[in-house]
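Have a look at this one.
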Amino acid sequence: MDLSYGEELEGYRDEVAKFLNASWPLKGDEAKLGWEEQAVRFRERAIEGGFLCRNIPKQYGGSEQEPDVLKAQIIREEFGKAHAPMEPRGIGTMMLVPTLLERGSEWQKEKFVPATIRGDLAWCQGYSEPGSGSDLASLKTRGELVNGEWVINGQKIWTSGAQSADYMFILVRTEPEAPKHAGISYLLVDMKQPGIDVRPLRQMTGGADFCEVFLTDVKTPEDWIVGKRGEGWLVSRTTLKHERNSIGSTQQTRALFSGLVQLAKERNIDGKPAIQNADIRQRLAALEGYVKAHQYAGYRTLTKDAKGESPGTITMMNKIISTNIGHDIARLAIDLLGEDGLLDAGGSGMAAMMSGGHERWISHYMYSLGIAVAGGTANIQRNVIGERGLGLPRDAAAERSSK
Amino acid sequence: MNFDLSEEQEMLQETVRQFLDNECPATTLREIFDGEVGFDPALWKGMAEMGLAGLHLPEEYGGAGLEVLDLALVSETLGYMAAPGPFLGHALAGLAIACGGSDAQKSKWLPKLATGDALATVALAEEGGAWLPDQWSVPAGASLSGSKKHVIFADHADLIVVGTAGGGLALVERDAKGLEIKPIDSADRTRRLCEVILADTPAEALPDGEVAATRLRDAALVLLAADAFGGATRLVEMSVEYAKTREQFGVTIGHFQALKHQLANMAVEIEPSRGLYWYAAHALDHVRDEAERTAAIAKAHITDRYMQIARDAVEAHGGIGFTWECDVQIWFKRAMFDRAFLGNPALHRERAATMAGW
Amino acid sequence: MDLSYGEELEGYRDEVAKFLNASWPLKGDEAKLGWEEQAVRFRERAIEGGFLCRNIPKQYGGSEQEPDVLKAQIIREEFGKAHAPMEPRGIGTMMLVPTLLERGSEWQKEKFVPATIRGDLAWCQGYSEPGSGSDLASLKTRGELVNGEWVINGQKIWTSGAQSADYMFILVRTEPEAPKHAGISYLLVDMKQPGIDVRPLRQMTGGADFCEVFLTDVKTPEDWIVGKRGEGWLVSRTTLKHERNSIGSTQQTRALFSGLVQLAKERNIDGKPAIQNADIRQRLAALEGYVKAHQYAGYRTLTKDAKGESPGTITMMNKIISTNIGHDIARLAIDLLGEDGLLDAGGSGMAAMMSGGHERWISHYMYSLGIAVAGGTANIQRNVIGERGLGLPRDAAAERSSK
Amino acid sequence: MNFDLSEEQEMLQETVRQFLDNECPATTLREIFDGEVGFDPALWKGMAEMGLAGLHLPEEYGGAGLEVLDLALVSETLGYMAAPGPFLGHALAGLAIACGGSDAQKSKWLPKLATGDALATVALAEEGGAWLPDQWSVPAGASLSGSKKHVIFADHADLIVVGTAGGGLALVERDAKGLEIKPIDSADRTRRLCEVILADTPAEALPDGEVAATRLRDAALVLLAADAFGGATRLVEMSVEYAKTREQFGVTIGHFQALKHQLANMAVEIEPSRGLYWYAAHALDHVRDEAERTAAIAKAHITDRYMQIARDAVEAHGGIGFTWECDVQIWFKRAMFDRAFLGNPALHRERAATMAGW
């Protein structure tokens, strides 16, 4: 057991640091450019240096490096320290690009991958529908091939960034006669066309991080399909071997917990700092047990990934673990806030949660129930843990649905 | 042994509920909730005309002469319906004057409060969560200076009952000199809050203010508990209803045992506590030596259940439960109000422990 | 709302008290008799006075009173105060007698009811089997009619008091070809015969409150069947209208909670009484919320019962509520016990739990998981609350089983 | 970055497990558990022959020179198998002497402890839950008088390491004058406890006893956490296995979503904490300034999880889980031991809070 990265990797860290030292922030005239433009220029150089877009072939604009989760982690750490831009955030880089690389046609890769990883193209995802939540495969949005074009009608929901996206990757039902999962296709759609109506979906916090998208006779060329007709379900499940960020969520959880401890120092109970209250101390220390367990589980997963070994059931549990911790942190925070819990969350979205004020804890209190974790999702995850993780038999209902 | 409501009490709840069904249906509730002001004079006038404004005030002053239990039953129904408006502050202010006011004060204010011609509220909290009479620090006197937080609909009130140092109460009128009222962005948009700033503002103390203040406190705890019981009960119903209609995997989601048990657990958490708030309310008029402690336990217990059930209800509704459009959020924010107003459960549990001699 | 019993009932209370004052404890020579014999004599007089066996017709030895839950409650209270014997405890009075009164034949009532309520006959219950827990109707013990006698073979479990019982009322499968529920009959069996092997079933506490009963060619006359062949399932579900003890379990819960508070006063944390610790105070006060809610829910049920109105879903919840409170009390108790939690529960059964020593909390800690509440039971209760209480649809599996 | 076990460490666990599979199968475990004595000399001898008695002792004294992490890995496996025996006390006693003893003390005892020719244990607790070095009150000196509670298998030990006032340690030999050992009825019958009474009993202090005592304490916390991890993991497996075989309503009960989710929740509670005890053990040898606090958190967290999982496992087994016959009770009682020995979670959480400067 060795929590350092070892000599060779520390050498690599030096290399990354040296590159960053030379390259970010930009210098001279370039330093006067806007941040976005600076980021684009910097990313080009970082890709050239092999630091970004490591799993993407050079022909599509990537740096095509050997997968190495430890190097990837070191890059994240050093880029984070230097506040240097990583790959463009968002669902295009995270979900569409890997899918295209695995399942897209040659022209699709050429047209979309380089522009997306440069940050020139923004994407949104059209999966969920109002009637299709945890049972995604029951989606109803229709796509019909008419005169060499797909014509799409329906409604999508929980679409993040739909207002500003250039394109959407969307699941639509193209084979209405086929069984549930087999009737779905995966299309790419230009968002800048008539028939697309994007409406922000306001959350209980007051902000709007998601949209509803109404599609009325929306058109896309016949060959803007990824995979074959009726293969959309499989295509949407494509995941490339990639450099999983095993400890990202544990770092977020730790940061949230630190904020909570800080809050307990600032708030009073009975005229004394809350952190001196025996009950609050117990609750904080009990929570820290979960936070630390999550942290070291992340280290172990990182190590297993680096060795190419399976980390086991823990990878199915991470989401529910961080959800549980988030719930507990939120509950304790609202207790610490006391009367300030009467105040509005600030009418804003996730941004408020990231801010420094106490109202961020009200936002967090509500976000701990957010759509990513709400409702069926947690129960579906418990099904997965029970069935795939522990080997328990499948539900009758789920069996029926998978037919 | 008759631990149950009278027919009159059941009818009172039914009447209030029908009134709100008619006068504040979902669309109206939503308009008020989303609106700038949050106060609907017509709705409040209608409630006052039903007699809700003076339910508990002495008959000689035009009230109905009922008990705290009856107030609490109305509170449960308002919580169930998430009714927006100034009922809580108004009821408490009237209770304080009836209990601690001079004859002159009673004669001047109670008839107007009973009819709803004047609206009153209570200003209790001070900076740092100082909700309780023994924590108040605004010096008593013929004029008051200081600041009070979280005053319900102070911006619409004709009269504010202000808590003062030493645990007394004083009356401040709407147009009094130096009185400044600042609306606060409130989470619960059905019971909006203001900060009240007093700068050498003329005030008139209640002669029996200390007694009235503790009764006000205990009644407030009970009314919050009752509101929480009503709201939580409604959220369970809404969640069950959703589970019966929402389909996934070819069946309504209420078929899934995991969700079914979550809903059963929600019901098990709230249903038994009906009698707890009843008894706490009853005790305030009839079992004085248990009243203070039972009120503290009822508020802590039921508002805690409400808040957790509100969280569970969001989960039971899936993604849609997290949206502004979904009515669950209205009750969720009322739960936050009921739990935080007058102090978190931990505060009242500690008080209950101390009162038990632990 | 009136928590007193009102003038008329307080008059009745005086009547009960007067009777007790005159009748218990026995006086003169009778006072020298053993407790059991005294109890038998006293019960005769109490039945004559209309205080015991109120729902049992006079012809079967009862006092045949109008049902009145409030009078019943007053009798429990006054008899409790005077430490006077109530009806003989046990499953014979509680379960068999009501069943016989509703479904038994005339000779069965005459032979068994008077002797059982006098305390002359002790019964045990033969329902559960090792393979049939929450799915009781899947029981396998067979009963065959051979030459005018039932011949019974099989095994029963969780039989309380089997060692000392005179008779057992037992569910056996007599119609193997019939569907699950329809193949069961309800028989009465003499326990004092060859072929019955009673083995104590030791619990994790070390005590043995239950037995296994092995039945090998056990015989009972043809007419010792209650109801018809194949009706046993329905017969076992018989419940007479009776004077439900709506607040009994809340009284037990309150007594347990009082004991817990006492324990918190006696134990130390950090050299100070545990009850002064902020965390312990919070936990105790939070628990008291549940205890008090349960208490007043009981009062309300009692009132509704007295009025002949339905108390609603609460009656389905009582078991799970007291189970939950029991769990929480047990957890807090074991925390208060600290190092004494390392000690043995005392090797005994429920008796240890009723004792005064601290080890009773270790027993209680384990008993809070006992068979009455374990496993499937709580989940079955949640099903009932969800389905019958909230009107949610039935499970696929349960539907299948009910066919 | 290598946060994983070495091949040697994995093999160590595998070897211990196979040994116990062969030498202490369910029937043997049950015999020992039910037996009067609870100590199986042959089993302990076998473990000593594998090198477990001196795993962490310096090679110069015949030990294997391994680290606390290796001890903890063995502890996990023993917890997984619910192995009865004196490992915990013996390992801690050896660790204390190796850390705080004089050369003479080491030379005299460590070789015998490493081979298992002598059995040692530790006497820590005093009346009223005084587990920790700064709470000990038996006066140090050439002879000791006082009483120590909860000493593992003291009735079989050749040597007892006794905690003394001021947080030091002293050695007391088996046949020392005035030494009285009273077996206690222990809940956990795989690690039986004794009371040790000292009456002017000759003793020999460890020169660096204070340092050794804190290391002993932290190592003990880690070994308990490791045992708890192993035991909890096993209980989840046993419960899952039962759910796959037990039938009700015509299907195995693992089909029921409510139970499935309960089992999933049990797994989610314990699985992530593997690395927590690893790190706490690792820190004791390599990250000294985090060692004390991480050990406290690991013990509090994992033994709490173990106890709850033990309760859940009883429920998952239904009525049978509550019987003496069902093996679940053996782990249940080990969970009670791991949680209570050296102090409840609350004690160590409070220590962790203090160490963090909260």
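When the chains are written out, they are named A, B, C and D in that same order, and each has its own residue count from 1.
Everything that follows uses one rule, which is that a contact is a pair of C-beta atoms (placed from the backbone, for glycine too) under 8 Å apart; a residue touches a chain by one contact, two chains touch by 3 or more.
Every value quoted in this text rests on a predicted model; they were computed, and no experiment measured them.
**Q** Which chain has its C-alpha centroid at the greatest distance from the C-alpha centroid of chain A?
**A** C
**Q** Count the touching C-beta pairs: is A-B or A-D ahead?
**A** A-D
**Q** As a quick test, compute the distance in whole Å between the mean CA positions of chain C and chain D.
**A** Computed value for the inter-centroid distance: 41 Å.
**Q** So the centre of each chain is just the mean of its C-alpha atoms; given that, what is the distance between chain B and chain D in Å?
**A** That gives a centre separation of 53 Å.
**Q** Please output the residue numbers of chain D that touch at least 2 other chains, ranges allowed.
**A** Residues 251, 255-258, 260-261, 346, 350 of chain D each touch two or more of the other chains.
**Q** What are the residue numbers in chain A that touch two or more other chains?
**A** 278-279, 282, 379, 382, 395-397
**Q** Could you please specify the touching residues of chain B with respect to chain D in the complex?
**A** 256-258, 260-261
**Q** Where on chain D is chain A touching in the complex?
**A** Where chain D meets chain A, its residues are 1-6, 69, 236, 240, 243-244, 251-252, 254-255, 257, 260-261, 263-265, 267-268, 271-276, 278-279, 282, 287, 294, 297-298, 300-302, 304, 345-346, 349-350, 352-353, 356, 358.
**Q** Going by the contact rule at the top, pick out the chain C residues touching chain B in the complex.
**A** It is residues 1-6, 9, 70, 73, 261, 264-265, 275-276, 278, 281-282, 284-286, 288-290, 292-297, 299-300, 302-304, 306-307, 312-314, 317, 320-321, 324, 379, 382-383, 385-387, 389-396 of chain C that touch chain B.
**Q** Can you list the chain A residues touching chain B in their complex?
**A** Residues in contact with chain B: 128, 130-135, 138, 157-158, 201-204, 206, 268-271, 279, 327, 334-335, 337-339, 341-347, 362, 366, 369-371, 374-379, 382, 395, 397-398, 400-401.
**Q** Please name which positions on chain C make contact with chain A in the complex.
**A** For this pair, the touching residues of chain C are 277-279, 282, 396-397.
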